[in-house]
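Quick one: the structure is below, and I'll ask about it shortly.
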């Protein structure tokens, strides 16, 4: 599958915290950690475990820009 | 200002393409390029120019996870 | 690639309207038409053309519910 | 009320799973199941129950496109 | 139609700027101006014009919090 | 930090409800209450407490328009 989302940041899963319905998955993309808030069901479906190679996928319309 | 968004990826603006109302801003976050789709107005407001230091800011509920 | 997004609605591309930076792609998922607002760049990258098989992909946190 | 969101997919509620604050509602839109991640409060407010007619509402900027 | 989105901020349309495919609609919600980025098509469909009563509708998962 | 998000609605935190991983924060922006669904972690990180001054921040591409 190839997706229209412009941002596919490859890394390694470093943490998975499941809640009642929503899980937080942390991916180390090399220098930075990206947190994804996804369903518990998705975690199971993708078979996500710590240490696994995974990508953070983000649609460009969901990216903001900040300056200091 | 401190924001709740979990993902603030610092980098450098490498490209700005303005459309009629929407602009695409590319930020090199070190190894990876993140594309942000924001309003032209925001580009002007933040005074974004190529080479400038800027961060890509993403709410964790907008991050998906993909595996191969 | 397998993605965490819970909603992958398979169909056929019935219309592509490119703007200055943003394109609107319509996919007939069988009975209903889904409109996706994506970058022109994504349209080119995926090689989208009318009549092509494609899926509308939506993260569950982006789906609202309405009743009458 | 008439809304700007381009995608209003009518169907029937087939499952409601409440978590601590977030609920997952599944709507059968005729052939495909759409999952919505909404607040528990919204579930109560709309009086959602299994078997009820309801629509999945999605803004076009939240729809991605994927090809195989 | 009743929607799950928690935030429905009633106001008056004060500006509409159409681009090639995307329009920016500004709604004065009483003291603050909210900008919505929607399709040109939605503007036409809703018959939006300056001075009209309209609401800004926002899903709670799309709201961030900032402090100074 | 200055952010591209067009909508920064200043107000006062009137309620914080933490779930297993996701919290709902209500901000009174003067006449209207805005609900934000953010991570528990963000609540702690920003030190959010009732009565505190805080802003609801929303990207314009996440704002829809509704008319009656």
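Brief remarks follow.
Order of writing sets the labels: A, B, C, D, E and F. Residues in every chain begin at 1.
Following the convention adopted for this analysis, a residue touches a chain if its C-beta (ideal position, glycine included) is under 8 Å from a C-beta of that chain, and two chains touch if they have at least 3 such contacts.
Only a predicted model underlies this, so the values are computations on that prediction, with no experimental measurement involved.
Shared numbers divided by all numbers used gives the overlap of an interface; between chain D and chain E this overlap exceeds half, so the copies present the same residues.
Per-chain CA centroids place chain C at a distance of 17 Å from chain D. One simple way to say how far apart two chains are is to compare their mean CA positions; for chain A and chain E this gives 29 Å.
Centres computed as Cα averages put chain A at a distance of 22 Å from chain D.
Contact with two or more other chains is made by residues 1-6, 19-22, 24, 35-39, 41-42, 46, 55, 57, 59-62, 64-68 of chain C.
Taken as a graph of touching chains, this assembly has some other topology, since it is neither a line, a ring, a star nor fully connected. Which chains touch which is summed up as A-B, A-C, A-D, A-F, B-C, B-E, B-F, C-D, C-E, D-E, D-F, E-F. Touching chain B in their complex are the following residues of chain E: 17-24, 35, 37, 61-62, 64-68.
Within the complex formed with chain A, the residues of chain F that make contact are 1-5, 19-22, 39, 41, 59, 61. If you check the complex, the residues on chain F that touch chain B are 1-6, 36-39, 41-43, 45-46, 55, 57, 59-61. For chain C in complex with chain D, the touching residues are 3, 5-10, 24-25, 27, 29-32, 34-38, 42, 46-48, 52-68.
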